[in-house]
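Chain naming follows the written order as A, B, C and D, and within any one chain the residues start at number 1.
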Amino acid sequence: MTLHLINKTPSESSALRDSLSAVSNGDALLLIENGVYAAMPAYAELFTRLPGSVQCYLLEDDAIARGLKDLNQDFRAIGYDGFVELSCRYGKVVSWF
Amino acid sequence: MIFSIVVTGAPYSSQASASALQFSRSVLKLGHTIHRVFFYADGVHSGSALAAPPQDEANIPSEWTALACEHDLDLVVCIAAAVRRGVLDENEARRYEKSGHNLSPDFTLSGLGQLVEAGILSDRVVTFGA
Amino acid sequence: MDNLTVNGVIIPVDNEGYLRNLDDWAPAVAEQLAQQEGIQLSDAHWEILAVLRQFYQQFEMSPAMRPLIKAITAELGADKGKSIYLMSLFPGSPAKLASKIAGLPKPTNCL
Amino acid sequence: MSDTKKSFLIINRKAPYGSSAARDALDVALTISVFEQPLSLLFMDDAVLQLLPAHNAAAIGQKNLSANLSMLEMYDIDQLYVCQRALEQRGIRPDDIELNIILLDQSGIAALIKKQDQVLSF
């Protein structure tokens, strides 16, 4: 299983779109850097077709840095330690940027 | 678990190097190993000893140096990417007949083989791209 | 390293003996580049250099050892497409040494 | 060079020339091949533009990426996967591409990623 790491907003590159089209059941998504903007409620539609088995996370420091609040409830906020733990739990990390 | 980390974004142009630094700190804190940090493409600028950001900003190259000293990290800068962009050690400066060199002594210039070897020997490779 | 003098013309080389201007390459220049490496070019050397230059012209990159052998096998036959044969002509690091004599760019030490 | 084998996938997602990504990916691919590790390349998104033929990059002072890509077979790199949708979106027909490629749909891409040990992105 794969941890997909996305660091771009939905419009600054196709990173998010490409990652969404490449997920398998049981994978996870982690939004970092500018990627965290994708967890704004306005983008919720992008994630509705994800299989329920795909867990979604965002890096809390990056969201706080950008003043983001009331984000998409499907994303769990984690810190860098959580990021490392996810990298261990999933078999590999694929970066999309 | 054995990690290797790849950085392809330049500090101050992208967040990649800063994120990789934070991630590396957590990897080490949680008791894992970092086999190598490989700086590629614009990431090579993290190895500059001459970066002089304002005092109220993070000095990313020197933070890498500090982390490397504390944990004996192998910080490798891709030689082909670096030499093109003017990041040289003493040896390459001589090789290309340049008047100065700027690679921080805690970094090593080496080939892409070091990236591939890291991929072979590490359980996880995490890329911080720009 | 000292610059080369070929037919009265000075051909500048860098401190490792690589041509500074790749356009300066000519067979007479190759002879001298080889001499600096202690090699006297024979027909056997020349056909390898020709394959190498053709490879570079076609793909715009210098080959590593394995693709060089593949190209030599295709052009000159399997007997010559062997690293031991190349070692006998260009001792040490054949792909690197032959590239230098063939006037290809200085390698970036990429491996 | 090493007894351990890991399968590598290089994901290309950027157009050629405008950034160094295509060349960076190619250099890594050649190195993986020198280390004799199993290797696949995947072209997604704008990276399919790398596959258009007849570049003449001298016009912009760069090296010709299509010449470089045609060298892949000399390195025995023959697993070239291409995102079908990315081609369609750009009006490129598979016949326009001179390399031997394998077209993948969305589920094919997911399956390709799934079976790799390491994935490097450019």
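The working rule: contacts are C-beta pairs under 8 Å (C-beta built on N, C-alpha and C of every residue); 3 or more make two chains touch, one makes a residue touch a chain.
A quick note: this is a predicted structure, and the numbers were derived from the prediction, not measured.
Asks: Compute the centre of every chain as the mean of its C-alpha atoms, then state which one is farthest from the centre of chain A.
Replies: Centre of mass proxy via C-alpha means gives C as farthest from chain A.
Asks: If I rank B-C and C-D by number of C-beta contact pairs, which comes first?
Replies: Counting C-beta pairs in contact for B-C and C-D gives the edge to C-D.
Asks: Could you please state the distance in Å, as a whole number, between where the Cα atoms of chain B are centred and where those of chain C are centred?
Replies: Using C-alpha averages as centres, the distance is 34 Å.
Asks: How many angstrom lie between the centres of chain C and chain D, each centre taken as the mean Cα position?
Replies: Spacing between the chain centres: roughly 29 Å.
Asks: Measuring centre to centre with CA averages, how many angstrom lie between chain A and chain C?
Replies: Their C-alpha centroids are separated by 50 Å.
Asks: Taking the mean of the CA coordinates per chain, how far is chain A from chain D in Å?
Replies: 25
Asks: Can you pull out the residues of chain C that are in contact with at least two other chains?
Replies: 110-111
Asks: Could you check chain B for residues that touch two or more other chains and list them?
Replies: Expected reply: 80, 111-113, 125, 127, 129.
Asks: On chain D, where are the residues touching two or more other chains?
Replies: Counting only residues that touch two or more other chains, chain D contributes 27, 31, 34, 117-118, 121.
Asks: For a test of understanding, state which residues of chain D touch chain A in their complex under the given definition.
Replies: For chain D paired with chain A, touching residues are 11, 13, 44-46, 85, 106, 109-111, 113-114, 116-119, 121.
Asks: Give every residue of chain A touching chain B within the complex, in rising order.
Replies: 5, 7, 32-34, 61, 79-81, 83-85, 87-88, 92-93, 95, 97
Asks: For the complex, which residues does chain B have touching chain A?
Replies: Residues in contact with chain A: 1, 3, 15-16, 19, 22-23, 25-27, 29-30, 32, 124-130.
Asks: Note which residues of chain D are touching chain B in the complex, please.
Replies: Per the stated touch rule, the residues are 2, 4-6, 8, 20-21, 24, 27-28, 31-32, 34-35, 37, 117-118, 120-122.
Asks: Considering only the defined contacts, which chain D positions touch chain C in the complex?
Replies: Going by the criterion above, the answer is residues 27, 30-31, 33-34, 63-64, 67-68, 70-71, 74-76.
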